[in-house]
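These are the structures, in structure tokens.
Look for chain A in each of the two complexes below; its partner is chain B in the first and chain C in the second.
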Partner chain A sequence: MNKDIQVSISQKDDVSILQIKGDVTAVTGETIEAAYQKVSAAGAKKILLYFDKDGYINSGGIAILIGIASESRKNGQIIRVTGLSGHFQKIFNMVGLTKYTEIFQTEELALKDF
Partner chain B sequence: MEDETLKNVQDPSKEEKPQQELEKRIFHLKTLYDLSQEIGFLRGTQEITKNLLMMMIGNFGASCGFIFLFDTSRGKMDTCSQRGLPKETVDTICEKIALGDLTWLNKITQIETFDESISAQNDKREKLFDLFSSFGLRIWVPLSIDSNLRGGIGLGDKLSGDPYSSDDQELMVTMAHQGAVAVENAKLQQARIEALEQSKKELEKLSKAKSRALDHLSHELRTPLSVIQGNIRILKRKIQAQTSPLVRQEVFESLEKNLNRLSDIQQETDQIIRSYQALETRQQPVESDGSQPLSLERIDLYSFTNQILGDVRKQAIRREIQFHLEGDQSLDVLTDPRILEDILVGLLKNAIENTPDEGMIRVMLEQKKQWIQIKVMDFGIGITKENQRRLFDGLFHTLDTELYTSKKPYDFGAGGKGLDLLRARVYGQRFKFDISVGSQRCNCIPTDQDLCPGRISACPHCKKPEDCLSSGGSTFCISFPMRSSIELEQFEP
Partner chain C sequence: MVMADNKVELHIPSIMGFEKVAMECSASVAKKMGFTEDRIEDLKTAVAEACLNAIEHGNKMDTKTKVGITLTVEETKLQVAVKDQGKGIDQVLIPSIEKKVAGKDKPRGWGIFLIKSLVNEVSFEPSPEGGNVTKMIIYLEK
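Then we have the complex of A and B:
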């Protein structure tokens, strides 16, 4: 597994986009958490997590995403997800993350009617 | 057309269920693999337990989780991590564990689920139920490291709303075992490191005490030696008329010779102690005259070595040894010439004193990868493997003390007390060059007790000089890191 991760933040209208490049683990996930806290502190209510299709997400990384999803519910934020491979879409569904977030095939579809 | 929110993945059709089950199992197996990779090399209990908890939460899609290890021997919480629980909840749990009756920790040996529909079945279950169920934890896996370190992992409801299946429970137990092994290894490793650090501290203390004792001894020797030397001079003057000149000369010569030898030993010991102190404090050694050598110069290695070799040959003029200087004539090094001279003279002297007459010494200059090397190769008696280990320690002589006789420098078997080699090691540390040795003890005299006659033609094992040359010898190698031409240009000779 690659220990490096890059998370860039961009804005499209009122949606904060967190572009995630690299493998998501308990350790690298802290960078995503930090980015999420940053956009939340700036008042973001709509957040799109844009994953790298080749990226790997392990159980530790999913725990980080569960934490973000849970906090977003408390904060009244909407989280949407795109860029996931078919395998990880199923994993997200299996662990129940799709009850907190919605997964879209493309960025355009995710941004549409956020 | 594909559903844009992919809600179809939430409710798989009958055909898709086996595929989904397969992917789930692959994911669980991958989790086990990742867990071993993530925690197997961690050395901190807190890091291990935190990672274990995260992997469990992610793998089962749990809403929250809590993990702790309690040290029953110290009555103290060893490790505690949580995710998704309010801080106050965690504080309350920790407080209750620390203050409560901990006998239940030993009683819980199996996985427990907290289903509110099932009433408490026994005391053991009731206590757990009360404590954890109220905080939203639904399942508990005991974690036992040893007889003292016990605890467990609690997970909250699954986000999916599904109950924890028997497969889930089996996997949780496996993951908990994996975590327990990693913690045990980390604790053992920590104990080893602490024991090593303790030993190191004790050795350092002993080494300092030894240095102080030697320093004191050397200092204490200096005064009485000076007094004796002075008194002998007075005595010599006073009894000049009372004894025959022949007796007087014999007695005083013997007295003075042995006294001078004692004085030399004291001075050399003093130098060794100073060099050791320089090694311990990582400073450059102070010269006997008090000067501090540090003057980098670009040195033409071939002509410099040739000149040193010429000087040394003059010193060893009485010895019948062939000297050869070979190798690259275009090499430059950047160092203090006095230090290089000191080391080269020391190595050549050492080589001469260990090479029998009619023998040979070769000095080779060469570049090997990023290093410029000076090799002093003798075909002498060589050094036993045991002695090679102690070679750079100072206070070392390759001949047994009993066999040691006082000889002139450069005589065969004269040898000092290893001061030259110790100094080379100190200089190497200071001026960033490496010094190493390779040696083969002469196969005709394999132990330190076996003597070399000091002349090849007198050796009963050698029929011709070549027999000696192939029987043993030592090579000392000084390696200087290569400098760039820009660096060297700044130090034009």
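Then we have the complex of A and C:
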């Protein structure tokens, strides 16, 4: 287990929430990928990625998230995102991830009308 | 701001994760110079990506090598030079997320794009001592 990241899985109605604490990199991203695969295997169609405002995301982590976005399309899943700092919301926009995942300012907003 | 010696230099091991040391050092210097929080975050990400390229592609994660970071403070700008001991990196085309999500390209390859997007100027040059240098400049806006 990578000590730089913790991913916990919870459920709210039909939404699977992956709470991500720590840095999102090529190495720690494997933990996120594993959590995503776990909820997918359980049949999740709505997934919320809840990031850590103090965590850092590098290009290796971005690649992991793109991989998840790609798989989610094949699986007919909707991915929403919350918890990102303003800087990383900008980064998501820059690389185009916002074409595949919608960013919400709070968990409450992300879960509304999901 | 006038400094007799306007450079800060550090070396980090070619181990993923140590880019965070360079990030925090760059942030600290930028804060001292009066950059905004937003601009400091831009710089941190750019420095992280340059260091990761140096560690992974320049130095091939050889733990016998180091990545050198030199910060040069001037009145209106901060330059951060990241040097590896490798043979340089290939320039890449602008990455396409559409291709990557469609599986037509590997998901990685965002580092140089992010660096170019986040700083005012960037260059990639061979170093006179060998290796490759990524030089990034951010301007202090009044």
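In the analysis below, the second predicted complex is superposed on the first by the 111 of 114 C-alpha atoms of A that agree within 3 Å, B and C clash if a C-alpha of one lies under 4 Å from a C-alpha of the other, contacts with A are read in each partner's own complex, and residues count from 1 in each chain.
In this text, contacts are C-beta pairs under 8 Å (C-beta built on N, C-alpha and C of every residue); 3 or more make two chains touch, one makes a residue touch a chain.
Just so it is clear, the model here is predicted, and its values are computed rather than measured.
> Aligned on chain A, chain B and chain C: do they clash or fit?
Verdict on chain A: clash between chain B and chain C.
> Thinking of the overlay built on chain A, is A:Gln19 touched by chain B (first), by chain C (second), by both, or by neither?
Neither partner.
> Is A:Gln89 in contact with chain B, with chain C, with both, or with neither (first, second, both, neither)?
Touch partner of A:Gln89: chain B, not chain C.
> Which holds for A:Ser59: it touches chain B only (first), chain C only (second), both, or neither?
Both partners, chain B and chain C.
> According to the stated criteria, A:Leu109 is in contact with first (chain B), second (chain C), both, or neither; which is it?
A:Leu109: touches chain B, not chain C.
> If we overlay the two complexes on their shared chain A, which of chain B and chain C does A:Arg73 touch? Say first, second, both or neither.
second
> Specify the partner with more touching residues on chain A, choosing between chain B and chain C.
Tallying touched residues of chain A, the top partner is B.
> For A:Tyr100, select first, second, both or neither according to whether it touches chain B, chain C, the two together, or no partner.
Both chain B and chain C are touched by A:Tyr100.
> Check the residue A:Ser40 against both partner chains and state whether it touches chain B (first), chain C (second), both, or neither.
Neither: A:Ser40 stays clear of chain B and chain C.
> What part of chain A is shared between its chain B contacts and its chain C contacts?
25-26, 58-60, 62-64, 66-67, 70, 87, 91, 94-97, 99-100
> Touching chain B in the complex: which residues of chain A?
1, 25-26, 58-67, 70, 87, 89-100, 102-105, 109, 112
> Please output the residues of chain B touching chain A within their complex, sorted ascending.
Touch residues, chain B against chain A: 2, 4-7, 9-10, 20, 23-24, 27, 30-31, 34-35, 37-38, 50-51, 53-63, 83-84, 158-162.
> In their complex, what parts of chain A are in touch with chain C?
4, 25-27, 56, 58-60, 62-64, 66-67, 69-70, 73, 85-87, 91, 94-97, 99-100
> For chain C, which residues count as touching chain A in their complex?
Residues 16-17, 19-20, 23, 38, 41-42, 44-45, 48-49, 52, 95, 97-98, 100-103, 106-111, 113-114, 117.
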